[in-house]
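Multiple structures are listed underneath, in structure tokens.
Next come two complexes, and both contain subunit A; in the first it sits with subunit B, in the second with subunit C.
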Partner chain A sequence: MAERPEDLNLPNAVITRIIKEALPDGVNISKEARSAISRAASVFVLYATSCANNFAMKGKRKTLNASDVLSAMEEMEFQRFVAPLKEALEAYRREQRGKKEASEQKKKDKDRKTDSEEQDKSREEDNDEEQS
Partner chain B sequence: MADMVVGRDKCGEQRLVSLPLSRIRVIMKSSPGVSSINQEALVLTAKATELFVQYLATYSYRHGSGKEKKALTYHDLSNTAEESETFQFLADILPKKILASKYLKMLKEKKEEEEEEEERNNDEESDEAES
Partner chain C sequence: MAAAAAGSGTPREEEGSSGEAAAPQPQAPTSAPGARLSRLPLARVKALVKADPDVTLAGQEAIFILARAAELFVETIAKDAYCCAQQGKRKTLQRRDLDNAIEAVDEFAFLEGTLD
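Then we have the complex of A and B:
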């Protein structure tokens, strides 16, 4: 499936917001600068992916994983990103565990509910039998 | 849905990642030789890209001439690509801009240099032939 050129771009609104939050208040960012940063970000993704892929291949794996991305950052001389990325990874994993536990809990509750409903039902049937 | 990593805590703080994962994934998959990407790698790449945007913007602003004007311009960014080793991979997509007239002048000068070089070579050859 061929990607259209627009698909390789990142949404302007989000990029703009990230830039604004990083710079001091009141700094004006020209449209050209914004567009340039957006393009740079896409190139960064490509570069990071290619680099991470090399690490995956070295590890004889076909799937890129988190450690490949972290290794890529070091390789690309963005060591400063490694610590915040590790934090983000931890937060993501916690969140995933939380979601999993929540859905497992829901399932338990559902099973418990179904069991008690069945118990009520059989009690009613017993009552009916007694009456007839 | 793998679209956005929702990391809102009870305090309602920011999401873990603002860039859309689906789009990041499209870009990653366009890289030759990439078969599959695990979800964690996708999230980290998106997060890294955000950090990169912040870094590129602040670095360019601090080193740029726009500081007095309280502005970030394309010029600041292309300077960064040219002068910083870390950002050199961006040099091709953030070229320096010059006036068309200047560019034409450069082309002309280059052509003249090449013509002079050729003449010199011809002279040498004819000298060799005579001796």
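Then we have the complex of A and C:
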């Protein structure tokens, strides 16, 4: 349990797939190179986290947010990541909104059913038939 | 500039921004964010973030962006390392290609000494 942070690796299969898609067809990667890249990715996350945390602390916040990470990217000289990351963030937010609305809708439906059950017990049998 | 990455074997630039204008490469569709938002499991990224003793809390969006940034990083370093392998006319990326890229590219300086 008491591993070094750098030992927390990201899944090999995913790393391999990302590498393969980034390179032209027919190019291979040795096991050592792949595991070194995986390790590098972990170090990257740790370093980015630390940078982002500095921004959060400057803003007197205790929670890391998206803009802290974006600021960290600039600080780390990975400005070219900022634009694609902003796009991804927008898409992520849209997806989260969609999920939230879907679950709110489900909740509304559930509340409606509960209300009608409380109002009229004699109608319960009919409701059951409708559901099936 | 695009010819440099087309396998012609003429090493022109060794800056970190090489490989971006490579037209013949089948690039991953990064302009289609709806297709796949993140391949790296957020739980693992979160574990890494929590490993930092100075971090109190991290929002979900922050974790997601870190995951996506890590993916971009993997793509970037793989491509840069590949440029080194091409100079050796090899088709397999070796560990030394990675070491060369880390030494050559300023942005990768933070990796020095961490991969052993």
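Keep this in mind: the second predicted complex is superposed on the first by the 108 of 132 C-alpha atoms of A that agree within 3 Å, B and C clash if a C-alpha of one lies under 4 Å from a C-alpha of the other, contacts with A are read in each partner's own complex, and residues count from 1 in each chain.
The rule we apply is simple: contacts are C-beta pairs under 8 Å (C-beta built on N, C-alpha and C of every residue); 3 or more make two chains touch, one makes a residue touch a chain.
In this text, all values refer to a predicted model and were calculated from it rather than measured experimentally.
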Three-chain arrangement built on subunit A, subunit B and subunit C clash or fit: clash
Partner chain in contact with A:N53 - subunit B first, subunit C second, else both or neither: both
First, second, both or neither for A:E90, with subunit B first and subunit C second: second
Contacts on subunit A seen with subunit B and repeated with subunit C across the two complexes: 8-11, 14-15, 17-19, 21-23, 26-30, 32-33, 36-37, 39-50, 52-53, 57, 62-66, 68-70, 73, 76-78, 80-81, 84-85, 88-89, 91-93, 95
Interface residues, subunit B side, partner subunit A - complex: 5-7, 16-20, 23-24, 26-28, 30-31, 33-38, 40-41, 43-45, 47-58, 60-61, 69-74, 76-78, 85-86, 89-90, 93-94
Subunit A contact footprint on subunit C (complex, rising order): 17, 20, 24-28, 30-31, 33-34, 37-41, 44-45, 47-49, 51-52, 54-62, 64-66, 68-79, 81-82, 85, 91-95, 97-98, 102, 106-107, 110-111, 114-115
Residues of subunit A touching subunit C in the complex: 5-6, 8-11, 14-15, 17-19, 21-30, 32-33, 36-37, 39-50, 52-53, 57, 62-66, 68-70, 73, 76-78, 80-81, 84-85, 87-93, 95-96
Touch list for subunit A against partner subunit B, complex: 3, 7-11, 14-15, 17-19, 21-23, 26-30, 32-33, 36-37, 39-50, 52-53, 57, 62-66, 68-70, 73, 76-78, 80-81, 84-85, 88-89, 91-93, 95
